[in-house]
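Below is the structure I would like to discuss, written out as structure tokens.
Every chain is named by a letter (A, B, C, D and E) in the order it is written, and numbering of its residues begins at 1.
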Amino acid sequence: MTSGKVSVLDIKGLTKTYGAVTAVDNVDLHIDHGEILGLIGPNGSGKSTFFDCSTGLATPDSGSVSLEGSDITNWSLNRIAREGRMLRSFQKTVVFKKLDVEENLVIAGQMFTFPSVLSTFSVGKRSRMRIEGLRKHARELIELTGLGPVAHMAAGNLSGGQQKLIQFASMLMPDPRLIMLDEPMAGINPKLVERVIDTIRYANREMGVSFLIIEHNIDVVTSLCSRAIVLDQGRKLCEGTPAEVIANKQVREAYLGG
Amino acid sequence: MNNTPLSTTASDPKRRNLRAPIVIALAVVALGAPMVLGTYAVHAMVIALIFLLPAHGLNLLVGYTGMLSLAQAAFFGLGAYASALMSIHLGTSFPVNMLAAIALACVIAVPLGIPALRLRDTSFVMCTLGFVIIGQAISKNWISVTRGDMGLNNIDKPTVGLAGYSWTASNPVEAYYLALVLAAFATWVFWLVVRSPAGRNLVAIRENETLAESLGIPTWNYRLAAFVIAAGFGGAGGSLYVHYISVASPLMFQTLYTTTMLIIVLGGGAGSITGVIFGSFLFVALSEGLRIAPELRMIAYGLSLLILVFRFPQGFAPFLMRIWDWAGGVDKKEGSA
Amino acid sequence: MADNITLSLRDVRSGYAALDIINGVSLDIPQGEFVALMGPNGAGKSTLLKTIFGMTTFKGGEINWQGRQIGGLATRAVLGSGISYVPQGRCNFPLMTVQENLEMAAYTIRDPQVKADRDYIYELFPSLLKRRATLAGNMSGGEQQLLEVAMAVLQRPKMLLVDEPSVGLSPAAVGIVFDELLRLRDTGLTILLVEQNTRKAMEVADRAVILRLGEVIWDGKPADITHDELGELFLTGKMRAELAHNEKLSQ
Amino acid sequence: QDADIKIGLVSPNSGANARYGSFAQRGAALAAKEINEAGGIDGRMIEIFPADSVCTPVEGVSATQRLINQNEVDFIIGDICSSVTLAMQPLVEDAKVVLVNAASSNPQITYQAGVGGYKYSFRNYPTDEVRALSIAKYAAEKGLTKLAVLSVDSDYGRGAIDFTKKYIDDLGVTLVSEDYYKEGEVDFRSVLTKVRKSDAQAILMYGLADTTPIIARQMIEAGLAGKLPLLGNGEFSAAATIEAAPKAMDGAIEAAAWLPAYDSEGSKAFVAAYEAAYDGEEPNNHAYGHWETLHLLAQAIDDADSIDADAVVAALEAISFESPMGTITFDDHHQAIRPLLLLEIEDNAPVVTGSVTGAVTYADN
Amino acid sequence: MYFLLEQILNGVSSGAVYAIVAVGMTMIFGVMRAINFAHGEYYMIGTFGGWYATSALGLPYPAAILFGVAVTIVIAYVIGKFVMQRMIGAPVEASVVATLGVSLVLQNTAILIFGGSYKFFSAGYIEPVFFGDVGIAQQRLLIILVCILVFLGLELMVGFTRMGKTIRAVSQNIEACEVVGIDVKKVVMTTFILGTALAGFSGILTAPVNVSVYGGMGEIITFKTLPIIVMGGLGNVRGTLAAAMILGIAESLVAGHFGLQYRDSVGFITLILMLLWRPHGLFSSRARF
């Protein structure tokens, strides 16, 4: 589609049905290097299912997913994360409830710091240093997301928004190539939303991370994304710059509510 | 030592730090106990130390990885039979038998674990209980090897030897020191495992497996690793047990053993090393202590379990943690229980 | 302002076990008022709603609801007195169908009207009607959010505590939900809404209350505060002086 | 005034075998009462220390340890379950405490006692070896040559069948099927149906007392009652068993160490005393066995004139104890030479049809 | 051929017993999210009640059934009040330890009161009726009939009544129950009593054919029941019936063709095989992550 270069993620003909419902219906999508792509659509239009099918949480009925040109369609969730360095967050807020915020983040970084499962069993100096490094990085992210005062509280005891922020920070712990966020701003206070937006921009620009973001907050989509795709009833309704998309009549009807 | 990291707590410099004295006192008690206690009490302590080995394994599964496995008793039995058979037929010595028991338990854990680990929650519990029942059926019915219900008896007392010099733990006091050394070593190994980054990954799996997956943790591999390591601990316990008690029988696969291990871990405090150590002594002591009233023994034991659950729903670990904090002069604000 | 106060909090303190979260909140809500409760993440908004609904450790103060003390009462008693609650995050019966969830919602009500109420809900949210035989847990996040709002409405409360109903909803759905809340307000329902979507909240609410670190730091009409001021308040809590000033004025 | 003589009694008091423990304790307690009321042993009273083995070796070993080290008992009687007894043997040997077993029938126990090894272990109970031979012989004599095995899946049930196999070829008896049930089993329908379809002439059963009435009643259900007799051991003669299923028990043949109906003065007196002491409960052979064994031990202590273990061992080795069952002596493996009764149920009551003296030949073991 | 038929019939009759016990356990699992390790003990209590009624009070068998169930309910009420209600929302580990404790207490109290020895139950209708060459005791026909009735009743209750729906609700989300005003404690209590009463009932029903009555009898039943409730899909009434029948018939065939000694492994081997095929049980639904 786009000029010569390989996309970070290239998805073709993704389809997933549950009984009579076709949650995702033959959707094509590609994300270019360094792009921040928005994915919007009415409730139940198949956005989260699209995420699930492209990250190995659910198996698509048909279609292919390729990351940097290699086919990852049947890879498992953990392999896509670890080897593909393609991370995703969940719409329903999930954290390691009994662990504190810092531990949550250290865990998020571990598999990207240790070369193998076996090496994680080591408690040697090298291993300790790796963990120290992760801890430092975690503390930076904790400051960045304003979780400092609760850094050592059990994550399960934090407020809804705070847990959402842990999820977001976890995505930045490794050095990912692509991050897929499912409604990262939901329940985050407006001031912090700005901060999260800045952080996404920073990661995008300075670290070269590409993003695919599901978000119902249209302001966020407009200010962050260079391009947006609209899903409706599992199908791609339209695609374009945020401004174009919002202007689309069908989108206004189906999504924005006139 | 608790898996749940502590909140940053400031210690009050004015108060005396009692941790070191407590540790020293415990060490003195552990080493000196047999000098003052009667043989019977020492025997009970040996049993507690032996049960600590499979309990560590179970704790790795229940407390750290979040898998309630009842198969520990199967590996315990497997280790016991393996050691007993080697001792009887090959005449090999205790250390060899124990290593073989550990190795065998680990090896068998792989083909058992692969199908079992597809399951979650209660299904997994039942599948592992199935292993115990099947283990029992094998030990009962494979008579040419196991002598069925007659069991294997007269197994050598544990002997450790180096280059012509050998020592046999022939009475409970000697067995106590042997068990103490082995239990301490096992605890150290266990501590290394749970403290390693892998240990942290196991906890992540316990807390939320799908989330762990999404963060690149190959949860299946870790769960299998935990299952295999736990089996090794179980096998080690069985080996020591059989050499100490000198009999192996299909009764080793009875629910009594499974239940005892479970109670030690859950009652002591899943996910806590000190809790489990405490649990193994407490519950063996309780079970033995209640012998003063034989008819009421099991009733009283059952009631103690109920009281325990109501009073310490998370086991003793949080309680021990508080003592430890207090000893360190730490005043913790938020209740992490 | 005094006589038609339906819910009145006096120096309410609460938290979780040994932990204190709400440190003395006082608030008077007249009947039929739509109050938006806002504040930074972790301010204690949800905790305050849960406190009213009897789901936290109550530590003191008074909660007066229609002349009755409900502070520290059990959840069911609070519910029975006419207060309904939509919690933050998922709270439905995931392995029951949408229809069954709606039936369970009206669990305490036994009259023929229930069916008509349900039909009304289906009319209001056609997407639920489409999914009536789907297991709630299999629906999309937004659809579940709608369901939960619907469940609370079906309880025919006199007061509604809603915690972030807009989360996960498409702009169109947010519109429908808020319109419905306004309609209910117009029928005399008192609403205490927690929102992070401050723009929307300020648009619909009669009154805005801002909570920070478990204390009310601002209380007034949405028109009296600009968006930027609001953001400033969230971050720093400044304007406390102003609040004190306001209080003096009102006395 | 010397101190009391302390005797430990290891038996299962909880779990699935609690029944046996209860009988054993009552039998022993009765004997202790009788001895004490008669003035004790040289004026020294007997005190019994019961300990629960739950029928598992680890519990049994713990219980034994406690008896030896905490209660400092002078002698131990126990256990009923062979697995526990086998585990206790090395323990009492180390502690030099005399153990007299009164109920475990695994031959191994005395293969390894006396000249076989353990100096301090004795058994005052017939072994499964003797029992298996006498039943097989008796069956052959009655023309019951095709037997279906239904035994308990334990050292006792299996052991008895193993020894049966050793002898049946010479006797012209064949086993048409072999089934073993687990302790606590309650559903025998499938097996009994299978037996009904086979050409078996009798059911060979070395079972647990508690299971016999269950099997018997299910034999009625399966239409086997009155067609195939039961053969073996499992308290066939107990009144409760017969009462539960008279139709099925009629014609049953058993080899038992003792039965309540045994016609001897001492035995009758025991039954009367036992029933008087325990609200009319009928004693079983373990109640008797433990009662008798305590009396036997008391005589040995009396003979030895001391509670010194070695002296009592010598006294036991030399003992000639007049029991209600006849004179009991021990062979060089510390195995009691004592009669085993053969009996048959006729008209709802056991009739003793013979008696075998259980001398074990150790040559081929 | 007849042999096979007869074995299957035997299997169905054991399956019917398993089913009644298991369905109670699975319902309790539904509301408590925890395995009730003491479930077999209520079966034991019911049997003891029935035995006491017939042998000590001289009541006829039908009255003994009522007596036994009543005793079970009284004891279940006490345990429910003091133990089970406190377990609501407690960690799973706590309920494991608690129910193991209850099991020890009940089992050994029975031994303490009645002595450890077996009692024999001699009431009931055990004479066989023959259909051609296939024989079956009248009592077993009764058991099968009762099982059918119990399951019809439960199926109706769970599917159509308010009570049934609340049971399902409690099993899915306790917080949501509070929000809609369901009295969780009461539901747990009612379910617990219903489940244990069914266990007690099936104990008395089986007593005539199983004959023995003793303190430890419950443990075996608990362990028979465990694979069934998992196979059936936890909390699933219909699945429990199917699984119980599969197990009953499989056991009967194995005992008839290979030997009784292999029978007790059958349940767990079937379970393991089935779980490999369907990791979430025969009939169970799971919501998406």
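Everything that follows uses one rule, which is that a residue touches a chain if its C-beta (ideal position, glycine included) is under 8 Å from a C-beta of that chain, and two chains touch if they have at least 3 such contacts.
Fair warning: this is a prediction, and the values are worked out from it, not measured in the lab.
A.B. asks: What is the graph distance from subunit C to subunit D, where chains are linked when they touch?
C.D. replies: Minimum number of steps from subunit C to subunit D: 2.
A.B. asks: Which chains, if any, touch subunit D and subunit E both?
C.D. replies: Joint contacts, listed by label: B.
A.B. asks: Among the chains here, which has the CA centroid at the largest distance from subunit B's centroid?
C.D. replies: Centre of mass proxy via C-alpha means gives C as farthest from subunit B.
A.B. asks: Could you quickly compare B-D and C-E and let me know which has more C-beta contacts?
C.D. replies: B-D
A.B. asks: Would you mind checking which chain's C-alpha centre is most distant from the centre of subunit E?
C.D. replies: A
A.B. asks: Centroid from C-alpha atoms only, then distance subunit A to subunit D, rounded to Å. What do you get?
C.D. replies: 73
A.B. asks: When the centre of a chain is set as the mean of its C-alpha atoms, what distance in Å lies between subunit A and subunit C?
C.D. replies: Measuring from centre to centre gives 30 Å for this pair.
A.B. asks: Counting only Cα atoms for the centres, state how far subunit A is from subunit B in Å.
C.D. replies: 41
A.B. asks: Report the inter-centroid distance (CA atoms only) between subunit B and subunit C in whole Å.
C.D. replies: About 49 Å, centre to centre.
A.B. asks: Residues touching two or more other chains, restricted to subunit D: which are they?
C.D. replies: Counting only residues that touch two or more other chains, subunit D contributes 13-15, 153.
A.B. asks: I need the residues of subunit E touching at least two other chains; which ones are they?
C.D. replies: 107-108, 219, 261, 264, 288-289
A.B. asks: On subunit B, where are the residues touching two or more other chains?
C.D. replies: Within subunit B, the residues that touch at least two other chains are 140, 210, 295, 297-298, 334.
A.B. asks: If we count contacts the way the header does, which residues on subunit A are in touch with subunit C in the complex?
C.D. replies: 18, 21, 41-49, 91-93, 146, 150, 157-162, 165, 183, 186-192, 216-218, 254-258
A.B. asks: Within their complex, state which residues of subunit D touch subunit B.
C.D. replies: 13-15, 50-52, 54-59, 61-63, 65-66, 68-70, 82-83, 86-87, 90, 94, 106, 108, 112, 153-159
A.B. asks: Would you tell me which residues of subunit A are touching subunit B in their complex?
C.D. replies: Interface residues on the subunit A side: 55, 57, 76-79, 81-82, 87-90, 94-100, 102-103, 106-108, 110-112, 114, 117, 120-123, 127, 130-131, 152-154, 170, 174.
A.B. asks: What residues of subunit D sit close enough to touch subunit E in their complex?
C.D. replies: Residues in contact with subunit E: 12-23, 150, 153, 178-182, 184-191, 193-194, 197, 209-211, 213-214, 217-218, 220-223, 240-241, 243-244.
A.B. asks: Okay, in this complex, where on subunit E does subunit D touch?
C.D. replies: Spelled out, the residues of subunit E in touch with subunit D are 3, 6-7, 10-11, 13-14, 107-108, 111, 115-118, 120, 122, 126-128, 130, 135-137, 140, 209-212, 214-217, 219-220, 251-253, 255-256, 259-261, 263-264.
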